[in-house]
Structures are given as structure tokens and as C-alpha cells.
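Below you'll find the structures, each written out as C-alpha cells.
Both complexes below contain chain A, partnered by chain B and then by chain C.
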Partner chain A sequence: MKQQSAPGGFRRLRGLVRKEFYQIVRDPSAIAIAFLMPVGLLILFGYGVSLDAKHVPIAIVVETPDAAAADLTRSFEMTDYFDPVRMPNMPAAADALTRHRVDAILHLQGNFASRLHEKEGAPIGVVINGVDANTARLISGYIEGIWLKWLGDRARSEGFELSMPVDLRHRIWFNAEVRSRNFLVPGLIAVIMTLIGALLTAMVMAREWERGTMEALLVTPVTMREIILGKLIPYFILGMGGMALSVAMALWVFDVPLRGSIWMLTATSALFLLAALGMGLLISIAAKNQFVAGQTAIVVTFLPAFLLSGFLFDIGSMPEAVQFITHIVAARYFVAILQTVFLAGDIPSVILPNAAALVLMAAIFLGLSRKKARKRLE
Partner chain B sequence: MLNRIIALTIKEILSLLKDKKSRFTIVIPPLVQLLVFGYAATYDLNDVPFAVYDEDRSAASRDLIARFSGSPNFTLTERIDHQGEIADLVDRKAVLLVVHIGPDFSRNLLTGGGAQLQAILDGRNSNTAMIALNYVRDIVTRFNEDWLAKTGGRTPPARLNIRAWYNANLESRWYIVPGIAGLLTLVVTMLVTALSVAREREQGTFDQLLVTPLRPVEILVGKALPGLIIGLAEATIIILIAVFWFEVPLRGSLAALYIGLFLFLMSAIGVGLMISSLSVTQQQGLLGAFLFLVPAVILSGFTTPIANMPLVVQKLTLLNPMRYFMVVLRGVFLEKAPWSLMVSQYWPMALIGLATLTAAAWLFRHRID
Partner chain C sequence: MDGVDGPEAALSLENVSKTFPRGEGRVEVLKGISLEIRKGRVTGLIGPDGAGKTTLMRLAVCLLEPDDGTLTVMGMDAAREPLAIQSAVRYMPQQFGLYEDLSVQENLDLYADLQGVAPSDREERYAELTQMTRLGDFTDRLAGRLSGGMKQKLGLACTLVRPPELLILDEPTVGVDPVSRRELWSIVSRLVEEEGMSVLLSTAYLDEAEKCDEVILLHEGEILGQGPPGDFTKEQEGRAYWVKPPAEKKRDVQWRLSRRDGVVDAVIQGDGVRVVMGHDEEPDRDALLQDGEDFEFEPVDPRFEDSYVAILQSRRDEDAKDMAAEAAPQRSDASERTNVDKSGGESPGESPGGGPPIDVENVRRRFGDFYAVKDVSFSVDHGEVFGLLGANGAGKTTTFRMLCGLLPASGGKLRVAGLDLRRAAAKARARIGYMSQKFSLYGNLSVMENLKFFSSAYNLKGKQRRDRIDWALEGFDLKKRAEAESGQLPLGYKQRLALACALMHEPEILFLDEPTSGVDPMARREFWDVINALAGAGVTVLVTTHFMEEAEYCDRLAIMVAGEILALGAPAEIKARAGNSKDEPAASMEEAFIALIEDSSA
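Right, the complex of A and B next:
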């Protein structure tokens, strides 16, 4: 009996897969999810999301124009980090800052040139809108850079070399020119694939129950395992197609380097996709109806993958309890793998533990789906 | 007419809240997520693991290292003795930063400067690397100032005096938490509206609704009110948590906040209902919800500033109601922003709301299958 069920099981499975493919073709929203979504979202975010601030509007207030002040303000006009606007006085500049017309103010007091020769040094007043703390820090870093360069040029023109006691040299490994796109695009792929995985499967089982077609399936000889596999295989193929498209775009549209191997990327993507599809299936099976399945998919996929995966925010800096929670977000492991495979290479000590976690998550989600689905048969 | 609308609203609220799972999904996760994300979403780093490679082993180098390990941002995890160990530590993410002090550090320091300090950072997340580098720079700058003061060296002729308004300590949580409040309000609104018409269409009950004496406007009001009521209630709880739990200051007026919230909810409900009435199946409704939600969040200035985007994308964000609500939230919470700034955010949201609600009502009857 058991020996007979193997080829029969395979034939039944093939039939189920074919049926699912027909359904996919009939309602093209699944194809849209797998192919249009990664292209659209990657283009939008690859170009749209950037942490590199340029052309920051800055107000410059010079109380008494003199050569030294003109020299310093020229340094601000020459860089493309800032778009300076002259303001007659501080109240006007403060007003512009409150109205978001400028993000910072550079304020040189009346006696700037003469105070340069005092022991304390002349103060250069800077006010930054600190609401966006990250950008504010960037802006203050730019201003410090301009200030240091101005000091150096000034010292050189007076005939000596200005040297700080300790001279900081830095090297940023894996992304020497600090293109934020290089880490954002691999991270975005992880977020987008989370959405695709869940969107593809979150509705499929609930839909069969809701429409009563599941009961029709149950009276046929197909087993629950075959039903689940029949759902998994077509969407896995679609998802891998979407993933391949995303990787191609990362490499050729966004010029992200791929320092690891393509087969490592493929293998880990397959693991991640199994976990993501498994989560969708579990939602679909547990929710009973499409409405709740849809709501759950919205709540548990996008924002956790976006905020808790380490794609933007450093996981090591989160409180212990929150770090613990990040372990149940599959995207967390995939972000670590993608950023490493794209930018650093096939580093087993990073990839293996994260891949193992993905295997575990896929096994848990699919195992739970299987178990929950069986219970429903009784 | 009023009776009919009230009856429909009650039915809508019941259909959302009578299902235990649906009730749970609408109420609990957003509140839990606020707590988790409020702690998670910060660009500020603490406990950055770093390694020291000190070839100098002098009093000066020890003083400098002590400033690193004493900083709340860094945690010393490794001391290394060979150049060759650096690559391995960084590659396997054991450390984010390696501080390398060369053998002639103290000699150069004592003979008039230019002692080199090398910082090697893992740039796989280059934003984190740059933030860590800024902390390193602060430590070195302070070391230099102290050293110059101690040895009586020449101080620079001009010094920077940087102050940040509205957020003096540059806590990124103050920036992020009001943003999350907006985010979750949007998610809740989508949960309530995006599938509501689609479900009725799929189940065929929407056709029944259309043959009742209810006019499209009345159906619209009945479908929109639950979103407004639930959205206002949850947003209020979220705002209370932001103020009393996360201790984000609330400096502006509540009136300014709630006018913004009301207009934002109307525009989000409009978009949600429009998506919903465009869809024939709930699968399509869910897809539509994501296709709006994800760009709306990422292109809102929530985590990455709109000013950094290319001009075309910046223009695109003008269609995003979330973008205006972010300015309102941060303006009210942190800046006590002037009314003129608020009004310039209000009217686009009102316009988006009006357009999408009208479109939704029109689509009730005119959607072509």
C-alpha cells in the first residue's frame, strides 16, 4: 500500500502544482507580487532612500563683513554639502530655521576677525535643527570638516603647518567610499522578499477554506502534506524568480558589488524564501479566513522586517529584550547574510550560523503549518 | 438618513470587532509594536564592540584607550598583538571597530604632534560605521583639547560652538518615536479599511448593499467612520505612550496635533477605501494595501530625510499623506512649530482625503469587472 502511494502521490502533487499555476495565471496579482513588486520597490527605494545628505540649506549671518569672515564663508559656498543663504541678522535666520527653510545657521559675531588673535580663539556659532538627530550629526560632521580644513589653510598661508596632537586616520572596510546604497539595497532585498514571501502564501490556504474548496480537496485521496507542498512549490519558484530579478537589479542598476559567490547567494535565498513562505502559510492556516490572514500579514511582516532586521538600525544597540525579539524575525538573518555576501564575501563564520537559523525557522513554520492543518481535518 | 448611516457604521464596527482574531490584530500588535520599535529604532549606538591593537603601550596610548573603553558607546572586547588578527575579527563581525595605535605614537605626540591613530570600521552598514566614526572623532577631539591644555600648545584661532535646537542631546529616539506613532496609525487605518469593501465584493454582500436605499455617500460615511473612530482611539493611546512611557516632550498644542491627525486619518481612510473598492478579491486588496503602505512609509521622511532623495522622488512624495503628518507630528512634539508651518501641511492632506474619498464613493458603483 505504502509503496503504491509514492508514484501516485507524485502524480497527485504534480496535479496540485499545475492547478495552483493555473490559478496564479488567472489572477495575475501573484505574478505582480513576484515580479513587479521587487522591480518597482527597488527602483523607488534604491533611488529614494539615502542617508547621504547633500546641499543642506544653511543660513549664514555675518555681523561685520571682513576678510576673515569672507574667507570662512567662502569655504561653505565651495562645497556641495551646503547651499548657503545670506541672512541679515540672527532673528531672521532663527525664523527661517523654525519654518524649515534652512537646517542650520552659521553665525559669525561682529568682532570675528579681531578675536581670531585672542587666546581663547574666535567663536563660530552654529545652530542646527536637531529634530532629525542623525542628519544633525552628519551636518555637524560636515561643518567640523570645513572648519578643520579652513584652519589648516589659514595656518599654511601664515607660514606654518597646523597639526593636531593626534591625527585620526580612518578606513571603512567593505564600503570605502561610503555609498549608503551599497548596504541599503541588500537590506531592501531582504525586506522586499519578506513581503513577497508572505503575500504570496498568506491568502492561499485561507482562500480554499473560505470558498469551501478545501473540503472538496479533503475527500480526494490527496494528503495534507501534498496540499501544502502543492502550495509551496509554485510560489517558491515564483519567489526565486523575483529574487533573481532583485539581485540582477542590485548588480546592474545599482552597481552594488557582489564579493561572495552567486551559488551562496542562491542557496541562502532559497532557505530564506522557505522561511518566508512558511510564515505566510502558517498565517493562512491559522487565520481561517482571508480577512484576518491579510490583517496579520500586514502587521507581522513589513514593519518588523523594516525596523528589527538590522537593515537600518544596529541590533547590538537595542536593549536586551528587544534584541531577543529580533531573533524571531527571519529577515534579521537574511540581512546579515546579504550584507556579508554582497560586500564582504563568503565568510562562513557569519553565513553558517545565520543560515542555520533560517533552516530552523523554515522547519518551525512549515512543521507548524503541517500540524495545524492536520488538526483541522478532525 | 442619519439612522441608516448609524446602522451601517454599527454593522461595520461589529464585523471588525466580533471576530476574536480580527479584534486582536487591530488592537494588540500596534501597541506592542510601538513599545518594541520605540526601543529598537534608534540610530544612537551603544555597546559597539571594539578591539585595540596597541603597539606603543605607553601612558599616552593607555589614556586614549581608556577614553574609548570608558565611553558608553563602546565596549572593549578584544586586545590583539598582530596586524593579521584584524581581518578575521572584522570579517566575522566580532568587532565593529579596531583602534590601531602605531609603535611611534607617544614619540610623535611628545615631539609636536601628528601622532597617528588608525580606526578601521566594518562598513557593511556604512551608516552605523559613520556614526561610530563620529564617536571616535569626538573622543580624539577631546583628547587633543586636553593634551593641548596640559602641554600649553598652540590652540586654534577659532573654535566651533555647535548647538542643536529642539533636541539638544541629539537623541534619535525623539525623532523616531513620533514617527512610529504616525506609522502605526497608518497601519491600523489600512487594517480597518483596505479589505472591507473587497471582502464584501468577494462574498457578494456589497451588491446587496448597493440595492438598499443607501446612497454611495452614505455607504462611504458608514465605511469611513469605523476607521476614524478606531484610528483616533489608537492614535490617542499611542500618543500617551510616546509622552509618558518614552518621555518624548510634547511642546506644541494638542489642537494642532489633533487637526493634523484628523486630516491624516481622512486621507489614509480615503486611500484605504479606494484600494478596497478597486479590488475584486481580498488578495488584491491586501496587495494594494502593501503597495501603498510600503512606499508611504519609506518615502515619508520617517527614517531617511526627503531632502536626500532625488528631485523626481521628492516630487512623488507630495502625493504621500504620511509625509505631511510626519512634519505635523515632529513639529508639535519637538518644535512647537508655528501655525503657518502646520497649515502648509494640513491643506495637502485635506486635498488628498477629499480626492480619494470621492474616488472611493464613485468606485462603489462604477467599478468595471
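Right, the complex of A and C next:
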């Protein structure tokens, strides 16, 4: 049967692919999903969501103003991380903290200058608003960093021994500026590609059912394999276009470095897109109207990709049961690959196992779709 | 192709049954049917909605698998060779299967690719098809922008890019205007005559049955009869009569006649009433017309619908003794009760502003730069049944929505119940009842819950509310099904419930938007009985329909084409106007309709 359908089969497939492209061009919804959505999401997340703390408002309370206190205050004013406000006393500062006008208080006690050189350590107090634990941790780290640097500088210039053995040398690898955007954007691309891949195929298949054109297609001599390929080819191309756009935005709008090769990026994206399109096809076999298909695609692909892929929340710190579940989220492997290719380079020991997982998932989803899709109405 | 070496049957079914899951159980859509469809003929599959027509066709093109039994299509076993069958058979589903965002030419190209038409053969085939369907001037137009009739012809052209041995069409003429229907039939008969094609088509229009070589009558998954349409009508030979009352309203006469013993069917036709007598009844003019010595009474040729109704009627009598209350007696119940209730209520004759209940003057409605309704004027009197006729897209529904105050007019004057709809739309709405095409019921509420909801929506309280609900349950014979989920009701019952809900607040004006589409002829007859009774009680009824014979039930009607009224008047006047040059009136409303449209476009 396969041999017999070969020449006619090619013509049928070409007809289906051409039809799909006409529809893509004339119905703006597919173009919107493939191109406008990545741009919108990248702008929203690239600019809107940042895990860095910058220009954090803090209150500085200096009980006895002197040269040392002024010098320390100045070094807080010099950085981008903080926007310090001077407060006359602790109650005023505490009030500002409860009113959310500042996120932290730096308290330089009365005998600050004299106790600087004592063995018990520094007479400064720090109060941080801990409601957002993540930001609180960041603020605490920044304050400590500035404090230690100031101490070190002062020790060197005045030639005294530091009471504590501080010799801190930070070397941050792969993301030297510690920009969370560099880490978020590649992960975000993976999430976007999940949505594009699954949503596109699920919706366009459902549209054929809804408009009754699927019934007409099924009664032609076309085979199910041709119908599936006729959907995969156009939306694969469209999805790769969306991917290219996302990468271009990452590189030139968000200044994310690309340390790996473009070939590795293309090859792994193609693998992931196949898995995502396969998920969409599988959804479309169960959901035969566009609303259900769209909702299902969002719930079973986008949400897990968002929460369980390690793009925003570290998989290693999840409970073990949840960690186990992340293994069936295709985006997880792609997030790992993209973060590596963008920030570290083509590192086979990371990319190969993840790529193998993607191959497996694509094979499972596409294979299942092929097996479940029958030329029948029920 | 002429069946020399193949078997005689284009399609044969042996003991085929098919069930679908519904709710907790399964419904049996086809109940072990066997049939044979011969090659080189047009076979019509006739039956109301839910009879199993579409299921049968989908089985034949291997879109469904039977639960039991075997299907042989063009000599091939449907279970074993679905792909081979699909390349020999072409099927047009109800929605035509067109891609609306592809142009006419692109649709043709796609189906030519899918059907494996060699590029060298295409030009010739396209020329034939576009000439046959007269779509030649529109090849660049998007399919979504075509009219209903053109879409249907394009759907047919796409199905025919490679001439099939067997052509299967599922309700190809539904929602299509009479002109396009006639064109489709001429294409089909040419295919059969010139190309020797076998055609199986389903239809809900009984007049189309007579155009088939052979007819299969399908009802609730069973075959009630198969044979040439002439065989069916022959059985009714000498049983059909035409009665013309001299002065009396034909609706009253029809109502009385339908209640006589031995009368199988009585419907309004032209200026009179068509009566079909039962088989064991000797037609006796005196017994039939006890009170009308001066009535004209003449035998007429039977038609397919007579036998269809007779067959269904006899089935009801046979297997529904316990449900006897549902058929004939129900008719009188519903009508009489409505009569009583209406006369006891407020007299509908008094509109606050005086004048006719519905008054439409130069009304226009624009959507963008397109006029859906342009300069329409008419008025409807008390107790009159006024019909709006037209194909899909003629502007009927738009006119309707404006009259119900659901859509503002772009210009002109609209008065309903003496109230200007621009100023007092809400007040006017309290005096009208509206039943939409889709029977706006809550499918997952029970019959009782729907009635309660609608009565509270119309602000009925206490005793009045209880009385109206009782009236609806009894008058429409819904008592036994009060607790049934309304979405699961048979179509005829859904329609009754929808009508009951629209009548909850005893409106003086009733709007019915295609109330009978998709309902079987029996339910349609019962429905019209209720409408006639309401009109008799002084309720003004405005109804749209695409069943041309239903137009005869109206006192007056307007034929709409492309947003304009083409003709307005009593059915007889319209038929007279559309008559031929020898001053003979058109024989039927459908002919009148076609003649009027052709005149206007010429």
C-alpha cells in the first residue's frame, strides 16, 4: 500500500502543504501565535521579570555622624543596587520599612568609628523586609558585599589588621555580570516554543474538525500519514521562524551572549519543535474544537513548561516527587540545552543526554499520534 | 462503469447496525438494516433529522465502522478496503468541506491534488466543472465570500474533480435557495445520464423525493420502504382530495378536517385544503363535509408526501397505543386549551397607540458598507399569520432581530404593538414572544426547570406562574416528560417546549424564526396546528421559513431577496403575479419563488 501511494502521495502531500500555507497567510491567527506571541512574551518577561535587585530603597540611620560613617554611606550611594535615604532615627526608619517606602535599614550605631577596630566586630545593624524571601536574600548579600569591600579598602588604606580573616574573591562563571536576564531569556524561549508548537498544531487540527473540512479530507484517498505530515511540515517551518525571531531578540535586544554554535542551537530547536508539535497533534486527536484544544494545550504544555522546566524555579530544590514529574516535561530538557548553548557553549556532556531525551519524546508523541489518528470519525 | 463485470449494486448493506454512546447508555442509530442501491441511478435517502441518514452515508465512505453487519461499496468490502473505496467514491458532507480562506481555484487545486488528478487533465476538467456550476467568473473569489448556493456548487465541483463511480451527497440542498436547488438537481441528473454515475443523496425535502429514481424511507434507524417514488404514491391513488371552501378561512377548514375520522392528513395547499383518507375509509364527500355543501371537492393525484405521512401515521398507530395521547388527540388539546386561555386573557386587540401590531416602514440595516436589509416596508394585522420567505442571507433574520428590538435599525420606522422600538424597546419586548431558530433552551435543565426559568424571566409570580406552567405542561403534552433533561428530548418535543417558553407571558405578538427547520413532517403539522389556534385567538404571528409549502399556511407573506421585498401579498396573489404569460398562476409557491427571482435578476 505504501509503495502504491508513493507518486500520488507526494502530490497529495504537496497539495496539503500548499493549502496550509495559503491558510497561514490569510488567517492571521497562526502568524500571531508564531511571531507576535514570542515578541510579546519576551518583552514582558525580558523587561518585566528580573531576579536582580537594583535601585533598592534603603534607609540609613547614622547616630553620630563622622568621617567613617560618611564614607560608608557614600559607598552605598555609589552603587546601582541601592537608593539610600537618610533617616534621623530608628523609629522613623522602622516606620518607613512598614510602609514599604524602604526595603531595608542600615543602622550605624553611636560608637561606630571607635568600635570599628575592635575584636567583637562591626557595630552596624541591618533590618530587611523579609516578605519576599528571595529579594531579602539578595539585599542581604549585596549589603554584606559592600560592607566587606568597604572594610577591606579601609584596612588597606589605613594599614590596620582586619579583625576577621576576610579574603573574599568572587569569580562568577558563565554569567559574569550576574544578569538574571541572561539566564531567563533562553529558558523563556523554551517555554514560548512549547506553546507555539503545541498550540499551533492543536488549534489548526481542531479548526478542520470544527469547519467540517476534516470530514471531506478523510474521504479522499489521502492517508493519515499524509494528513499528519501535511500539518507538521508547514508548522515546523513556522515554528522555526518563531524560534529564529526569539533568538534574534535574545541576541540583539536583550544582549544575551551566544557562546555555543548556531548549528547546535538550530539542531536542538528542531528536535524540541518536533516534540512540541507532536504534543499538539496528540491533543488534537482528543480535542475536536478549537476552544478545548487551546485550553488543553495551555494546561498540559505551557503550564508545566513554565513551572517544572527549571526556567524560573530550580528543579534541584523541588520535592523529590515533583522532580520526578519534571522528567516528562519536554521543556525541561530544552531549557537545560538552551541555557548551556547560550551561556556556556557546545558542551556535549550536557547537551547529548538532554537531546537524547528530546528525541525520545518526539518519537513517542509523533508515534502515538500516528497510531491513534485513524481515518474514522470516532 | 456500466457494471458489466462488477456486481449490480453500487452499495449494499447487510444487517448493518450502529450505536453511539449518549449519556450512560448507547443510542441505536441504525437498527440492523439491509438494502441495495443500484448502479447508474439516483437514489434518495429520505427521512427526518435523526433518522440515521448521515450515519448511513458515513458508513458507506468508511468514516465510521458498523457495530454489526457488512457493507459492500462498488463491490469492495468496507471493512477491508477503505482506501480503495475512498478513491472510487466521492462524498460531500453537509458543510460542503470547503476551505473558506482559499479561493475557488485553490479549493479545486487542493482537491485535484488529493484525488490524484494528473496536471495535464486538469484544465479540461476545470473547464467542464466551472461551466457546469457557472462558477467561471468567480475563480479568484474566496470560498467564504460565496453565497450559500455557490458554496454548495463549489463543494460539488470539488467532489467531482475526478469523476467518481458513486457520488454520495449529504443533504446537499439544505439551506440553499430554490433556484440553486433546481440547478443542483439538473447537474445531478446530467451526471447520471451522461457519465453513468451512481448517486446517493439524502434530503429532508419531500418534493425532492419525486425527482429520484428510487427512494429509501428511513425513520429512526429503520427502513420503512424502498422503491421508485411512483410506487409509494400509487398506494395513495384515489385517496387524495382537494377541498376548497367558498368563503371561510382555509385554516379553520383544515383544522376541522384534520380531526375527522379516517382522515390521515389534511394540509393547506393553495386556496384549499388537501385531504388524504385512510385505506379502510371509503371517501365519502357527505361524511367529510357535513357542514359545507357548497365546498368544492375534487380528487387529486397523490404525491410522495401523502404516502410518507400515511406510512408514518400508521406506524404511530401501530406501535404507540400507549402513547396515543401524543399524536392526534394532542392536537386538539393544545389548540383548544390555547383557545380557551387566550379568550380568557387580556384582549390582544388593544394596542396603546392603535394601528397594526407590526408596522415596518422603509427600514434599513447596514453592516459596514453592506446593506443586509434595504427599504423594507410591511404591516401585519391582528390575528394574522405573516410569513417571511427567502434564502439564507436574504435578510430575514436581520429583519426579525430588528423587530424584536435585538438589533437597532440603521434607518426607517419600526412599530411593534404600537410602540416605537427606538424609544420603548423593553416595553415592546414584554408584549412579544420570540422563538429562535436554535430553540434557545437550557439543554442541561429539565423541562420543568426551563419553564420555571422562563416564567420568572417574564416576571410571572405566584398563582399566575403556576397556572401558566400547568398550561404549558398540559397544552403541549409535556407532563410525562417534565423531569426529562431538555437537551435529550426528541426534536419535536424541544420545539414544543421552546414554543411553550415563548408563550409563557401570553404575548400578543409571536415571532418564530425558522421554527420547523429540521423537524419531521409530522411534528411540523402539529406545530402548525398550534400556530393556527393561536392566530384564531387573535395572536399576531410573524414566521420565517424556507419550506415553500409552509408559505401557504400564511395569510400573507413577503418574499425577500438580497435585503429587499420582492413580492408581498396573499399566497394566491403572489402565485398569480409570478404566473406565466398565459395568465395562469404559478402551480406552487416554489415555482412562484423561482420565477420572481429570475425576473428580478433578468
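Simple rule for what comes next: the second predicted complex is superposed on the first by the 323 of 378 C-alpha atoms of A that agree within 3 Å, B and C clash if a C-alpha of one lies under 4 Å from a C-alpha of the other, contacts with A are read in each partner's own complex, and residues count from 1 in each chain.
Everything that follows uses one rule, which is that contacts are C-beta pairs under 8 Å (C-beta built on N, C-alpha and C of every residue); 3 or more make two chains touch, one makes a residue touch a chain.
All figures in this text were calculated on a predicted structure; none of them were measured in a lab.
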Counting only touches as set out at the top, which of chain B and chain C does A:I298 meet: first, second, both, neither?
first
With the two structures laid over each other on chain A, which partner does A:L16 touch: chain B (first), chain C (second), both, or neither?
second
Is A:D27 in contact with chain B, with chain C, with both, or with neither (first, second, both, neither)?
both
Once the shared chain is lined up, is A:T213 touching chain B (first), chain C (second), both, or neither of them?
second
For the three-chain arrangement built by superposition, which of chain B and chain C touches the greater number of chain A residues?
B
Does the superposition put A:F306 against chain B (first), chain C (second), both, or neither?
first
Touch check for A:T223: first (chain B), second (chain C), both, or neither?
second
Based on the A-chain superposition described above, do chain B and chain C contact any of the same residues on chain A, and if so which?
27
Mind listing the chain A positions that touch chain C in their complex?
1, 8, 11-12, 14-16, 18-19, 22-23, 26-27, 211-213, 215-223, 375-378
Flag every residue of chain A that touches chain B in the complex, lowest number first.
27, 29-30, 32-33, 37, 40-41, 44-45, 47-56, 72, 97-100, 103, 116-117, 119-138, 140-141, 143-144, 147, 150-151, 154, 162-176, 178-180, 182-183, 187, 195, 199, 202-203, 207, 287-292, 294-300, 302-304, 306-308, 310, 312-314, 316-319, 321-322, 325-326, 336, 339-340, 343-344, 347, 349-350
Flag every residue of chain B that touches chain A in the complex, lowest number first.
19, 21-22, 25-26, 29-30, 33, 36-37, 39-49, 64, 90-93, 96, 109, 112-131, 133-134, 136-137, 140, 143-144, 147-148, 151, 153, 155-168, 170-172, 174-175, 183, 187, 190-191, 194-195, 199, 202, 281-287, 289-291, 293-295, 297-299, 303-305, 307-310, 313, 316, 327, 330, 334-335, 337-338, 340-341
For a test of understanding, state which residues of chain C touch chain A in their complex under the given definition.
20, 58, 61-65, 82-83, 86-87, 89-102, 106, 109-116, 142, 158
